[in-house]
Structure formats: structure tokens, C-alpha cells
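Note that chain A is present in both complexes that follow, paired respectively with chain B and with chain C.
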Partner chain A sequence: MTAYDDRPAKLFIYPSIFFMLIGMFVGVFLAFNSFIFPDYFSGEHIHFGRVRPVHVSTVTLSWLLSVDVGLMFYFVPRLCGISIWSAPLAFVGAGLWWCTLLLGTNSFPWGTNWGWEYAELPMWISWIPIKFFFGISWVFIAVNLFMTIFCRRFEKLYVSLWYCMGTLIWTTFTVFVGNFALDWLPGGMSKVNASWFYVHNLVGLIYTPMGLAIVYYFLPKLANIPIYSHRLSMIGFWSIAFIYAWIGTHHQIHGPMSQWLQTTSIVFSIWLFIPVWTVVHNFMATIQRDWRKYVESVPIRFLIMGVIFYLITCVQGPLMALRNVNEITSKTDWVIGHSHISLYGAFTFFAIAGIYQAVPVMSQKPLWSNKLAEWHFSLNLWGSLLFLLSLWIGGFLQGLMWANWADGSSYAEFHDNLMRLPFLQTIANTREWWILRGIGGLIILVGNFLFAINIYNTVVLKKALSPVQVE
Partner chain B sequence: MNASKNRSSFARFMHSFEKSTLFLILGIILLFSTSISVILIAPRYIDSTWTTPSSPYQVQMYEIADPHLYMRSISEGSELQYVHHLKKNSTLLAFKESEHLRFVAPPLLEKYITRYQEPKLLLTSQLLLVREPEGKMVEEAEAMRKNLESQKKEQENKTKTEIQIAELYDPQVEEAFSIDPEGGIIQEWVDENFTILDDEVKQPYHENYGVIYVQNPKEFRITPDESEKNTHWRYDPAGKAVQDLEELTSPSLGFYSRRELIEMGEHIYAIEGCWYCHTDQTRTLIEDVVLNGSDSYPAPPSSANEFIYQKITFPGTRRIGPDVSRVGVKRPSREWHMSHFWAPTKTSEGSVMPAFPHFFDRDSKQKNGVGVPNNRFEAIYQYMMTKGTRITAPTQAWWLGKDPIQTKEIIEGQKKLQ
Partner chain C sequence: MFWMIIGSILASLAGLAVYIYYLWKGEFDEEELVKYQLFREENNE
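What follows is the complex of A and B.
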């Protein structure tokens, strides 16, 4: 049996759990301080606009991207049958990664926001080129994983490895476009278009393939059932590779973007049903062979609930791209709900399941408490449902209130509608939903706190077992 | 994994780098690059509005007016001051008489005056200035005043307003600074009925349909002032002229060009995260053109070319606050924005917007309980005032019902979209 060097994986996974708590705490803080008790703690460095990017980039970069990289460092060697190509390179990469993220994501309250969605990291903090260092550390990671795959012992490439390779190629280019190339494009829509291309690819070509790679690896591993269909996984992969890069413009439906570009993005958005349904069917058909596993194992529950959330995301996404649905949902809380169900409901659930499987193997100790893990799942599920449903319903109602302005046939009537239901009133009417959202967020935070305790106690408190007992 | 095994695995590199890996990587790159060429690179060559300005007015505002209009943003005790940087053969000037203002000038310069009730505006790129009559001109001014007063008596005009008489003179310099007491957001602009009195066209934009000009420039002169604590100078028509740009923008005078302020404003809009709660696009939806419209006319939807002068564009994803793409028309008042940034719930009850006390200097002499606005306020204010005001010239503006795409007719169903 090959001995795998798991130090690189640990270097990414352990800190990321800490940053998940930080990021989600900031999120809950925002839900309360900006919506339930608006501007209670106020001032230059703590108001909503300065703190929101801290939440977003901490949970997207310091938590989700980092843990996904960590899990890749865990399962790519295991699927290749050799240890990681270069551990020192991984250490350098991890060091650079965490330093730049720690500095970058926490600098926003001091006014370093770069001004583009999901690319807020500053170019420079003092003499430190944050974005450049972040890019370099990504290149280190990509080279390391590619070389591991090239030097592999097992000849067959498992589907998780395709997704990894796809991610590594897509991300490298996407991050380059969204973070550096924007500065060289002509002002206006060229930049906006590239920015949305980046934003959507970040979700569609980075988090999605990474998340699916995790499910493809961990679901068969945890349930001890082979994946249902190899052919379906091929269809799923190649249709993602074909479709995702075309749909960025659907964030700009009805906007100042060329109509043909909007229509193109809508068509491709609808096609997304193909990869999503094949992939979801593949996972569900796998677990269907033995549903008892779902009841017995918390990580499998996380995986399957994640798959269900993934399905919901990917039904919402294409539908929200349709012009008439977009008219209601766009620019409302629905959008916030949609971004949370994909990055939280689906991909965070996948990553949590991965950690539940990987940590006992890496530390060679069984999980500290299964009971706590079950609480973690329940709190996460119910918290998410409360959180997401309040955002969707509240957002949809707000969209309907705005659509109410368009009732009538003359401008005088439209304007009269607006006078009777001013914009501020539609904000006031959303307050109840914001309170529910805050409570949902709080429940999720408590659940994940239990998770962190569980992992900490597993790694630190438990005695190590021999590797045989773990396997 | 130890080093020797690593080496042996490296030796397998060429063997393992076989068809399936190669096929996978090439396939991914091929699919990806197709979409990039169609949706990232092609549009700006296909759709001309992505690169063509919306009107000559927009170009002149961003490229000519903004860089040459200077503002002093912190002014304790006095109002904001606007100063035009005039350059010979570059800035267009007009000397226009009105009911209350008449000009006297040496015979050589008389042709530059647009006389009262003369429909055609006379413009020049000569550098001339306006002042209180001096020397020989005093007599002429007196004569003119008597003449006007007798005319008035004949007409039995009941208005008691004084008529001001100013002198037009040639300061014989290449550049000068003039004070603009109005200094608004909207520039002096003429689209028909104008003549440029120069022998040849001095600047390409002088040929455009419609031009931005400076009207009746009075020299910006200052005098040292010891009466107040913090201000070391004040505007004084009898004082010393400002020498050059360096002096104007020096810390002691503290002027910024409007272009600098707009760029700073864009930066502030980014770092304060305004764009997380405000969109900057009027979408092609009735609800949007109504939300941003005036009392009688809907706002035209945002067009791609409105954004071409921006370094960062903030189309936005969420409206926790209203859209800002027409705020320059909907909320032009500087006073309103001051009290809104100071305490948003004061002007907008029920708003969840945070307060921005750092846009103000804390000062004991607070006006109406609002702090004294600092550079950050001026910057974000100037940035916001570009929104919706620069699509066409003010004389052709959508808020006057001269919307080029006829939004009102479209949403009322009288006009079909192509």
C-alpha cells in the first residue's frame, strides 16, 4: 500500500474550517447589523459596504476554495496511486496562499476593495502584490496536482480527476481574466461582460467541478457502492465543459448588454439542465442501491442533501435566466438566496462531507462524536431551509411589488403606482423576511461551531489508531 | 513518499502523459476558447454602442469640461467655488448680454459681444475676460447707463433692477482662471444658432454639433485673508490673479479638477461598497424606467455607451437601495445629498443605508447639525452627478421630453420596438 503524504491537504483543510466560522460569523453579524438593527454599530470601518466583502471573500476563498484545494490534495494522490508530486512546493503554495488571503480578505474595512464582484482582493497592500501572490500560489497548486496526475500509477483516469484537470485549466484562465485582464479592456460593457464571465465561471467552472469531483470520489468511498454509470459521468463532464463558459451574460438580462449576447446566455443557461440532471441522476442512482447508508452515515447525508440542493440551484439558475422570470427575481433577495444555496447548500455540504471522511483517515483517528455530527447535519439543514426560504419568498414578494409599478397603460398611471408604493416602502415590507433570514443564519453558525469542535477534538484529543483500523 | 520513488515516477512522465490526458486537456481548451472568442472578444467589434460615445456632448463633458473645471471642496464659511481654467485657442468663450448685464468694449473687441436679444451666440477661442469698467471705459459705461435708463423711462418699465455694465478686455495672456458663481452640474451648451468667430478651427471639438463654452468669464483673483482662522485667502475681484495651475492646485488653495473628483468618486464608490446595495443600470423594464423617471417623463434605459468613460462600472446585482443610474437628474441637490450621507434616515425614512460620517469633517460650526463636507463627499457627489445627465446635451435632454429612443411612447404602447 502506498503511503500518502497528507501534510499539504491538512495545511489547507484545517485552517479553512477556522475561516468558515469567521466568514459565517461575519455573515450573521451583517444580517443583524445591517438589516434587523440597521447601522447599530456604525462608522467608517464597520458599515455594511466595507464588511460585506469580508464575508463574501472569507467564505468563498478562505473557506470553500481552500477546503476544495485541500480535498484535491487528499484525493488526487489516492486516485493516482502515488503521493503528491512535491510536498515542499505545496508548503510554499499553502504559505503564500494563507498569507495573501489573511491580509487580502481582512483589508476591506480599510478601503482596499478593487470594485469588481468576486474579485475584490486588492492589487496591492502597501508593497505586497496580493493578487499576484494569490495567482502564483494557485499556479504552484495547479502544477503540483498536474504533475501528480501525469506521474500516476493507475492508468485509468477516474472522473474526479477529469474535473480536477478541468478546474485547474479553467480557473487559471478565469482568474486571470477577472482579476488582471479587466484593467486592459476598454471601459464600460467590455469590462462588465468580462467580469460576469469571471463571476459565473468562478461558480460554474471552479466550485461546481471541484464540488462534483468531491462527490464522485467520496460518495462511492463512503457508501462503498461503485458509481452508477461511467457513461453518464462522461456526458455530465463534457456538457459542463461545453456549456458553462457561455452563460456569464445572464447576470445582465434586461441590462445595457447587447440583446444577442443576452439571448445566447439564456439559451446556454437552459442547456445547463443536461449536465445537471445527468450528474444528479448518477449520484441518486448510486445511493438508491442502498438507501440505508443515508440513514447510517452523516457525511452521506451531507452529500445527498447537497446533491438535492445542487439540483434546486440548477433548476433555479436556468429559470432565472428566462426574461420573464428574471423580471421578477433579478435584483431582489432571491438572488442572494440563489447564491447561498449553490455555495452553501450544495458545495459547502459536499466539502463538509469530504472533511468528515478525510480527517479520520489523515489523522488515523475515528471521529470524536457521531452524535455531534448528527446535530451538525440537522442544524445545518433546518437553518439553511429557514435561511433560503425566507430569502426566496421575501425576494419574490419584493419583485412582485416592483412589478406593480408597471401596472397600467400610461406613464401617468405608472408614476402614480410608484407614488403610492415608493421604493422605501418595498424595503420596509421585506423586514420580516430579513429577521427570519438572520435567525436561519444563526442556526447554521451554531451547527458549524459544533462541527469545528468535533473536528478539533478528533484531531487533538483522540488517540491515534493503527491505519488498518481506520481503513 | 521518498525521493527515489519520486524520481522513478518522474521517469514515467512521458509514458503516462498519453492519449487520454492529452485528449482531455485539448478538449477542455478547445471548448473554452470557442466561447471566449464569441462572448468575450467578438461583442465589442459587433456592437458599436460598446465603443461609440452617446453624443458629442458626452465627449466634451468628459474630455474638455471636466479636466478644466476646478473646485475647492472644503470652504469654511463660504460656498463651494468653481474655477474654469481658460486656455487661448482651446476654450470657447461667449460674452452674452442679458436684461441685467451689458458690455462695453474697445472697438477691436466689440465683435465678440452677443448683444441683448440677439438670437445667434457668438463664440471665440480668443482669451478675453470681463471686469468692472476701468480707465477710458468708465465714461463709455456711464454713457451707456444713461442711455439705457432713458430708454427704460420711455417704456415705463416697472422693474427696478439695476443694470450692470461690465468691460470686455484682452488680458494678453495664454491662460487664465475665471470664477463661475453658478458652477452647476450642467455645463453651458449651445447646439444651434452659434458662430465661432475664429478664422480657422482651433480644436477638433469646435467642429462638433453643439459645443460647451464658458460664459462671461471674470478673472479669479484672491487676496490674503487674516480675519478668519483657517482660510488664508478669499475671492476678491481687486486682488491678485492666480498665476498657474500649480498655484491653484497647491495645498494652500486646494482646488481639484472635476475629473479628479469624479475619478476619486468612482474609487470611493468601489471601496465603500455602495455597489452592493445600489444598481447602476436602468433596465429595459417599465418598472425601472418609472423608478428612475421624472414626474412627467420616464428615464431612458441605460445604454452601453453611457459607461465608456468609466474605469470601473457597477451594474450591480441587488437593490437594497434604489438604482443610481439617473440620480444626477432625480436628486441634483447638493444639500440633499449632504444631509442624506450624514444621516440617511433623516431624508429617507425607513432606509437601511449606513451613515457616512467620514465624508464630513467634524466641526463645531455645523450647519443644520450636518458636518462640513470634505473631499470624499465632493468626490462621490460629483461622481453621482454624472449619472443620467450626460447622455445628450441638456437642451436635448430626456427629462425635457426629448428622449432619443422615445421611452414614453414605447411603454405606453404607441411605438413598437424594432
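What follows is the complex of A and C.
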């Protein structure tokens, strides 16, 4: 039996759980301090514009990207049948990774934001080149995982390895465009277009393949059922590779962007139904062989609910790209709901399931409390539903209110409509939905606090068992 | 622009060559067998 070195995986997974709590706490703080009791705590360093990037960067980079990298360090060696190519390289990569993220994401209250969506990490903090070090750490990670796959013992590549290789290449390219190349592009719409290319590919070509790689590995493993169709999974992989890079421009529909480019992005957005359906059908057909596993296993429940949220977000996304739907939903809270269902409802649920399977195997200890895991799932599901439904319904009503202003054909009519329904009145009308959103976020945070306790106690308190007992 | 188009075509041909090489090597034969790799005895933790 191959001895796997799990220290690199632990170096990414354990801290990421801590940062998940920090990032979500900041999100809940913003939900209350900015939308329910506006500026109850106020000051230069804690107003919305300074703190929001702390929430976004902590949950996207310090939690989700980090835990996904950690899980890749866990399952890539196992799918290759060899230990990780270079543990020292992984240690150096992890060291650089956490130092730059710790400094970068917590420096925003002091005004270091680079100014572009999801690319807020500063170029420099004092003499420290934050983005450069973060990029170098990613290169170390990518080289290490690629070399592990290159030196593999099992000749054929399982679908999770395809997704891993895809994401290693796409992340390198996407992050380079969004974090460095933006500086070299001409100002105006070219720069904005490149920024949206980056933002949408961050979700579609980084978190999506990482998340799907996790499900393709952990669902068969946890359910002890092989995936329904490997051929179908390959169709999904290559269609994502072909389609996803074209759709970033759908963020600029009705904006000053070429109409042909907007239409192209809409067409490719609708084509996304192809990879999405192959993925969802494959996962559902796998678990359909034994639905009892869904009831018995908390991590499988996280995976399947994540797949359902993935389906919802992938139906929402293409529909929001249609011009007439976009007229209502664009710039409203609906979009915030859409981004949270993908990064939280789908990909965070996948990562949590991965942790539930990987931690007992890595620490050779059974989970500390299954009861606590049950509570974790229930609080996450109900909290997410409250959180997401309030954003969707509130956001859609917000969009309908704003659509009143466009009722007419002259500026005079627009001005008259604006006088009848002032913008601030629409903000006040949305407050009830924001209260529900805040409560939903709080429930999720409590659930994840229980999760952190469970994982901490598993690693620290439980006695180690033999590998067979853990299985 | 000319060299960008030439570069793109060459990159595409390189990708196609890699695909044909692995096709010839049998990477895509018996596609469904690979899904059982997860459950191999030697692969179990």
C-alpha cells in the first residue's frame, strides 16, 4: 500500500477552516452593520467600502481557494498512486501563500485595495510585493501537482485529474489577466472587458473545475459507488473548457460594449446548459443507485445539496444573461444571491463534504461527533435557503421597482417617475429582505462554528485508529 | 497580428498533436474502466 504524505493537504485545509469562520463573521457583521443598523459601528477603517473586500477576499481566497488546493493535495496523489512529488516545495508554497493572504486580505481597511473586483490584493504593502509572492506560491503548487500527475503510477487519468490539470492551467492564465495584465491594457471598455473576463472565469474556470473535481472524487468514495459514466464526465469537462471563457461579457449587457460581443456572450451562456446537465445528470444517476446513502451520510448530503444548488445557479446564470431578464436583475440583490449560491451553496458545500471525508483519513481518527455534523448540515441548509431566497425575492422586487423609472420614452417622464418613487424609498422598501438575509447568514455562521469544533476535536481529542478502522 | 494568428494556429496544432498521440497510446480506449480506479485495493487508504 502506498504511504501518502498528507502534510501539504493539512497545511492548506486546517487554516482554511479558521479563515472560513473569520470571512463569514465579517460578512454577517456587514449584513447587520451596513444594511440592518447602518453604520452602528462607524469610522474610517470599518465602513462598507473598506470591509467588504476583507469579506470577499477572505472567503474566496483564504477559505475556498485554499481548501480546494488542500483537497487537491489530498486526492491527486491517491488518484495517481504515488505520494506528492515534493513535500518541501509544498511547504514553501504554503508558507508564501498564507503570509501573503494574511497580510493582503487584512490590509484593506487601511486603503490598500487594488481597485478591481475580486482582484483587490495590493501589489505592494510597504516593501513586500504581495501579488508577486502570491503568484509564485501558485506556481509552486501547480508545478508540484503537475509533476505528481506526470510521475503517476496509474496510467489512465480519472476525471478529477482532468479537472485538476484544467484548473491549474486556467487559474494561472486567469489570475495573470485579472491581477497583472489589467495594468498594461488601454483604459476604458477594453480594461473593463478584461476585468469581467477575469471575474467570471474565477468562478467558471477556477472554482467550478476544482469543485467538480472534488465531487467526482468524493461522491464515489463516500457512497462506494462508481461514477455513473466516465464518458459523460469527459463531455462535461471539454464543453466547459470550450464554452466558459467566452461568457464574461454578459456582465456588461446594456452597457457601452459592442453589441456583437454581448450577443456572443449570451449565446455561449445558454450553451452552458450542456456541461451543466452532463455534470448534474452524472452525479444524480450515481446516487440514484442507492438513495439510502444520502440519508445515512452527512457529507453525501452536502454533496447532493451542493449539486442541486449548482443546478439552480447554472440555470440562473444563463437566464440572467438574456437581455430582457437582465433588465430586471442587473445591479440588484438578485446578483448577490446568485454569487452566493455558487460560491457558498455549491462549492463550499462540496469542500465541506471533502473535509468530512479527508480529515478522518488523514488524522486516522473517526469523526468526533456525527450528531454535530447533522446539526451542521441542517443549519447550513436552512440558513442558506433563508439567505438566498431573501436575496432573490428582495432583489427581484428591487429590480421591478427600478424598472418603473424606465416606464416612458422621454427624460421628462423618467424624471417624473423618479420623483414619484425616489431611490432612497426603494432602499427602505428592501430592508425587510436584508433582515432575513442577516438572520440566514447568522444561522450559517453558527452551523460552521459547530463544524470547526467538530473538526478541531476530531484532530486533537480523538485517539488514532488503524487505517482499516477508519475506513 | 500576423504572428499572433500564426502562433494561435501553431498552438492549436500542438494541442491536436498531443491529443492524437494519446489517442494512439490508448488513453481513450475502454473509457469506463478508469472509474473503478478509485476502488483498487492498493488505492484504498
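Basically, the second predicted complex is superposed on the first by the 467 of 471 C-alpha atoms of A that agree within 3 Å, B and C clash if a C-alpha of one lies under 4 Å from a C-alpha of the other, contacts with A are read in each partner's own complex, and residues count from 1 in each chain.
Throughout what follows, a residue touches a chain if its C-beta (ideal position, glycine included) is under 8 Å from a C-beta of that chain, and two chains touch if they have at least 3 such contacts.
Bear in mind the structure is a predicted one, so any value in this text is a computation, not a measurement.
Once the two complexes are laid over each other on the shared chain, residue contacts for A:Phe449 go to neither chain B nor chain C. In the superposed three-chain model, the partner touching more residues of chain A is B, compared with the other of chain B and chain C. In the superposition on chain A, contact is made by A:Met234 with chain C only, not with chain B. In the superposed model, A:Leu79 lies in contact with chain C only, and not with chain B.
In the superposition on chain A, contact is made by A:Phe35 with chain B only, not with chain C. Look at A:Phe91: by the touch rule set out above, it reaches neither chain B nor chain C. Of the two partner chains placed around the shared chain by superposition, chain B and chain C are both touched by A:Leu157. When the two complexes are overlaid on their common chain A, residue A:Phe176 makes contact with neither chain B nor chain C.
By the document's definition of touching, of the two partners only chain C reaches A:Val361; chain B does not.
Comparing the two complexes, residues 2, 4, 157 of chain A contact chain B in one case and chain C in the other.
Against chain A, in their complex, chain C makes its touches with residues 27, 31-40, 42-45. Chain contact summary for the complex, chain A toward chain B: residues 2-5, 34-35, 38-39, 42-44, 47-50, 52-53, 82-87, 108, 111-117, 149-153, 155, 157, 162, 165-166, 169-170, 173, 177, 186-194, 197, 238, 241-242, 245-246, 248-249, 251-252, 254-258, 260-261, 264-265, 327, 330-333, 335-336, 402-403, 405-406, 409-411, 414-415, 417-418, 423-425, 427-428.
Contacts from chain B toward chain A in the complex involve residues 1, 5-6, 9-10, 12-13, 16-17, 20-21, 24-25, 27-29, 31-32, 35-36, 38-40, 43-44, 46-47, 49-51, 266-267, 269-277, 279, 281, 283-288, 290-291, 293, 295-298, 301-322, 348-358, 408, 411-413.
Within the complex formed with chain C, the residues of chain A that make contact are 1-2, 4, 78-79, 81, 154, 156-159, 217, 220-221, 224, 226-227, 229-231, 234, 361, 467, 470-471.
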